[in-house]
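Attaching a single structure in structure tokens format; questions to follow.
Think of it as A, B, C, D and E in the order they're written, each chain with its own count starting at 1.
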Amino acid sequence: GGKSNGTATTESKTESPKASGEGSFKIGGIGPITGSTAIYGQAVMNGAELAIKEINAGGGIGGAQIEYNFQDDEGDTEKAVNAYNTLKDWGMQVLMGTVTSAPCIAVGAESSNDNMFQLTPSGSAVDCTKFENQFRVCFSDPNQGSASAQYIGENKLATKVAVIYDSSDVYSTGIHDKFISEAGTQGVEIVADEAFTADNNTNFSVQLQKAQDSGAELVFLPIYYSQAALILAQAKQMGYETSFFGCDGLDGLLNVENFDKTLAENVMLLTPFAADAKDELTQKFVASYKEKYKETPNQFAADAYDAIYAIKAASEKAAVTPDMDASAICDGLKKAMTEISINGLTGENMKWTADGEPDKAPKAIKIVNGVYTAM
Amino acid sequence: MMSFISYFINGLSLGSVYAIIALGYTMVYGIAKMLNFAHGDVIMIGGYMVFTVVSTMGLGPVAGVLLAVILCTVLGVVIEGVAYRPLRMASPLAVLITAIGVSYLLQNIALLVFGSNPKSFTSVVTIPALKLANGKLTISGETIVTIISCVVIMICLTTFIKKTKAGQAMLAVSEDKGAAQLMGINVDGTIALTFAIGSALAAVAGALLCSAYPTLTPYTGSMPGIKAFVAAVFGGIGSIPGALIGGLLLGIIENLSKAYISSQLSDAIVFGVLIVVLLVKPTGILGKKISEKV
Amino acid sequence: MAILEVKDLEVYYGVIKALKGISFDVNEGEIVALIGANGAGKTTTLHTITGLLKSATGSIKFDGNDITRIRGDKIVGMGMAHVPEGRRVFAALSVYENLKLGAYTRRDKNEIEETLQMIYKRFPRLLERKNQPAGTLSGGEQQMLAMGRALMSHPKVIVLDEPSMGLSPIYVSEIFDIIQEINKSGTTVLLVEQNAKKALSIANRAYVLETGDIVLSGDAKELMNNDSVKKAYLSE
Amino acid sequence: MEKSNKTNFHLSKTLKSNLITYGIVIAAFLIVQLLINAGQVSSLMKGLLVPLCIYTILAVSLNLTVGILGELSLGHAAFMCVGAFSSSLFSISMLEAIPNSGFRFFLAILIGAAAAAVAGIIIGIPVLRLRGDYLAIVTLAFGEIIKNVVNVIFIGKDSNGLHFSMKNAMALNMEKDGKMILNGAQGITGTPKDSTFFIGVLLILVTLFIVLNLIHSRSGRAIMSVRDNRIAAESIGINITKYKLMAFTISASLAGVAGVLYSHNLSSLTATQKNFGYNQSIMILVFVVLGGIGNIRGSIIAAITLTLLPELLRGLNTYRMLIYALILIFMMIFNWSPKLIDLRKRFFHKNKAEREKV
Amino acid sequence: MALLEIKNLGISFGGLRAVDNFSITIEKGQLYGLIGPNGAGKTTMFNLLTGVYKPSAGTILLDGDNITGKKTKDINNAGIARTFQNIRLFKELTVLDNVKTGLHNRYSYSTLTGILRLPKYYKVEKEMDEKAIELLKVFDLDKEKDLLASNLPYGKQRKLEIARALATGPKLLLLDEPAAGMNPNETTELMDTIRFVRDNFEMTILLIEHDMKLVSGICEKLTVLNFGQVLIQGNTADVLNDPEVIKAYLGE
């Protein structure tokens, strides 16, 4: 099972009680660990925890240990604000979150007000980095949308493309909108543009049929892997053979328990992270994640892992200390973020701009023989 | 034309899944007179049971479905006995809210036991798909099995209620529990039996739902549960053939409106049609007119 | 021999004490009437005997068995039938289905059929309307159905809660004839009636209930001549 | 003489009960304010103050439909949704035109209430012909429709004025300087944070004032008579449709007010299953039923308890919602089981009797 | 002119002709009885008269106005009020509020006045209270005015239903088996009350009843229904001695 064993949210590690406040950094996390989006929140919670364990074991941030507290927001804006306030009461100094976009925007209004440093691993909507205390690890949606369109166009993957997206999801619509507007300039024709909603996300027969009827050479799936797994299965069922292309949301596809990997053969995705990547960092991360949480990490876990290391790097750069208050730390980190460069799971030489966006290269990956291979 | 038929057939597949869930819903509603909002979650538990038996333990699909039926039946009876029975004589709304509590409970148990990651479900159906018109149209094995199961279940249930003593007892209990007791009917036993049957059906529905749309999360049951509830109302809640017709219609309307009107608004359209149907026929397609003697 | 024995029965509705410890018995083969004003607790007594209500204290014995804590449906299975106040027919079911449910505890198909025919003979209106939903019957027709349904179980003891309510005069006499007849054929009767005069005229013994207490009891004919009974229940 | 005294007593009894209800709200407000001034209130609690007001208003307003009118509605959150979006649209587009935030918020509340009332009438006219569970399912359906439709509306503003589409953001064809106001499923961001605890409490009091005074008036009796016996109500000349619609609309418009508070408390507004879907509608219904159908004070207490509960359970982390579900089931059985009710009644009765003896 | 004039009224349920070719004329101030065997169609007649069912044939004139096929509430406003064979009270309202609800259309203030508690609210509510208590006193229910209707014993519930019907200020009062479930003493009391109502409220009353003591005691005229059709109409004594009536209805 993918459950946490609870340590993630309880306050202190095995450190002595005086560690809290004075001697250690308090990093808070927010995301859905119950409710229908729990899968993303749990991955972030775990990925960050793993990073924190490593850092603490290695001596912490500039010698100070990290205390970690992750709060559930059920994927809801209101609950996210509650979670934020709970963390504030706990004494949070840095916020790693939230996981999903709408809550991230709501919490952003609070955190900017408090001048609390906020680094979201996966909040990809444009407004998630609206304020200057906000940064993110993942790509923004428009960024992924235009990158996908460019990649398809430049590599001449297809000229006729169908899109299937989740119109009730901020992430999916964000990529979709940009992709559509960018496609034209890349010489890519959108022949079918089909939506589904969160309430209606198991039956894709109509959308696939339309894609097929439109003669699309490629189906673009700016969605999460749980729905993508179903789309692939249903396409197979109806005998529709085409190529599929997705973004970072598709990562995790191969790790769906009991998933028939042959369905995903030749699926392409533009993602900064792939659990099967051969580099040492990824392999180590995947191995320890698997050991601890009994499942393969997806890109949410990787984003969170990187987020924690980015906080570490920035903190050390700014030379902030645990006895500073959140606002002072924020001032330091805001500046330091634009000065650091880290090698993470989701990119090498990741840098940040002052408007909070990461600067890293997406990797195009293709699933061949059931494993990710760089294209 | 070809694509229309194809949309239609896919709608039929979807509808048959709604129908099989609606049968269990309508059964429990018709007899126990309660909206069992936890029904969808019993379906989800059934799905996980099949998954565990088939994919984790490696037994055959028949064993999986059988064990799921047993587990869900027990679960249904336990839920009824522990959560609903103490509220037997209370307002139906109190039971409805308790059912919501049970629904949350089942979802969160599943979340803790099975995790939030979706599982890919191996179909329990082994019949090959039916290919028509030179392979241009396919009716999947799941659809065929689901529709046949629906019809068989519908016939069995109808006969059971019409012809057996237990069935008659159910009707009596649904009308007036006190008077039913005065006939010598064991009211608690009859309601427990109703839940047992409803939950067994939920297990079958779970297996077929997950076979047709092969993914499984702790929330798999909730939306189909609501849709099937709508289907049951559509057909006339409490009416067993109504559940079948309601389910099929719902699936077909949903798919056709997705295809021809808007894929984002298909739910809104389905609900819109439901409203129109109920305004024309306030008790659903096959629902009995409730005439109150003054 | 007492087939039904009630001892110190106390029943509450929430905090309202509706029965304040009543005791009475019914001998096998008797007709016993229970009379009393509105709200005296007659219906409550009958409900408690057939298990629709549970008593706080006291005991009820039926046919030698203690049934105080026994489930209502089992009591019916032991041979007790109840024509409830307000008739409580199964409104959506047909007259025929209602009658069939009356025989729920019986097994022998032929015997059931026999009783059914007997009831149709008694109440030809029910035969005429056998497929009509019971809820659309007129008040009196429903009363007949409630009576017929109770008789379908072929009970040892039948408890009747105002069986003549809503019946036309001709049927009132008819119903009292029927009560006497089933009594003759061996069924013990416990009867609650507003029509005290009629009730006392066919009963062997009677109890008078006042606000949850039995205040008088004795031979029916004697009670009929009791002044206070006359004044309270038999005014002409 | 004695009789008329009794009449006064009767009136004053409901009056007393109402005053207690108002008193509880005001006292709660004052205590919280004192604690805040003394710095005794945690950020979590401070953040929860406005939501508590929102859910209280929702519960009280739904109680009007469920408890007083006697109709089961599973779409209450949809009216909240209408109130939230209409008022947010207003506030965002008037951000510059009306710089006075107090006045702007006042207008926003009126607009939210009015929009929700209109939705209430539009939905109520067809729906209220249905009965019981059929009505419930149709309100649920309407709720889902509203939520779905909100998710496909795109509104943008540029130098040429407002643009509107139901397809996607590109279809708006806006100039370069265009700004999205309502962006489909991505909703509205940047609603001014005008909701305060004080305004929330004020609105609770207004809601209570409307609902309680309605109940104890001629129209209120008519509404309750329809609930208790429709046929009898008709037979004494009561216009059933009118009173049903009246109760439904007032209830909807108060939910709209709650929606205004909601959208002006968070800077991002999206219509999801969680906040405006049937899940939320059912949650509000849970408050009403747990607090006692028709019991206004109970609604308030239940709304507050059940909103605080999951926050208090945060320490339990992944087990949080599991425990919450168990507590909910337990509370329902405890509050509603006829056996337990009897037991409680008798227990208190006994105690009271003993106290009186002494 | 007659207060109520019904001509050739009819309705069927499926194949059953529940009321057929029914005509009756009732003068102002009369106390009129409608009797007949069970299932003869008496209650159905009341339902036709009050708009619960729509007649398939015939006309109903009240005070010269054609009210055939009108809605229940409009018929009540036109001046017909009724009670029900199976009691229909507003169970969760107090006894007093049951009657005040009956007064609904006779005392008026707007909903807004009610919510804002304008002076008019207090004035009208006070008038309503007084009027309602006056009515309750007639039925000796004033002491129970603050009880919930459902907590009244059966006999008092019947009386409350009559009080509520009277509160609407009808010209014609329809009572469906008012004495059902009452003991002889209570029935006698009820007879006095009905007479009192007729005299003091200048009411016209049409009642259905199986209790012959009540029927012969207070009804001036009778119509006997049998199988949906009028068997005989006339003065009470004459009708009750009619051999056909004895055979079909009274027995002995």
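Operating definition for what follows: contacts are C-beta pairs under 8 Å (C-beta built on N, C-alpha and C of every residue); 3 or more make two chains touch, one makes a residue touch a chain.
Here the structure is a predicted model, which is why all the values come from computation and not from measurement.
Considering the contact criterion stated above, the chains in touch with chain A and with chain C alike are B, D. With steps allowed only between chains in touch, the distance from chain B over to chain C comes to 1. Chain pair with the larger contact count among C-D and A-B is A-B, by C-beta pairs in contact. Annotation: 48 Å between the Cα-based centres of chain B and chain E. One inter-chain figure worth recording: chain D and chain E are separated by 42 Å, centre to centre, where each centre is the mean of the chain's CA atoms. A separation of 31 Å divides the Cα centre of chain B from that of chain D. Measuring from the averaged C-alpha position of chain A to that of chain D gives a distance of 35 Å. For chain B, residues touching at least two other chains, in rising order: 108, 111-112, 264, 267, 292, 294.
Residue positions of chain C touching 2 or more other chains: 136-137. Touching of two or more other chains is recorded for residues 3, 33-36, 167-168, 197, 199 of chain A. A complete list of chain pairs in contact reads A-B, A-D, B-C, B-D, B-E, C-D, C-E, D-E. Contact residues of chain C toward chain E in the complex are 37-39, 86, 125, 136-141, 143-144, 162, 165-174, 194-197, 232-236. Partner chain D is touched in their complex by these residues of chain B: 29, 35, 37, 83, 86-91, 93-94, 96-98, 100-102, 104-105, 107-109, 111-112, 226, 229-230, 233, 237, 262, 264-265, 267-268, 271-272, 274-275, 278-279, 282-284, 290, 292, 294.
Across the interface of their complex, chain D is touched by residues 12, 14-15 of chain C.
Put simply, chain D touches chain B in their complex at residues 66, 72, 126-127, 129-131, 133-134, 136-138, 140-142, 144-145, 148-149, 151-152, 231, 278, 282, 285-286, 289-290, 293, 318-319, 321-322, 324-326, 328-329, 332-333, 335-340.
On the chain B side of its complex with chain A, the touching residues are 3, 6-7, 10, 13-14, 51, 55, 108, 111-122, 129, 135, 138, 140, 213-215, 217-219, 223-224, 254-255, 258-259, 263-264, 266-267.
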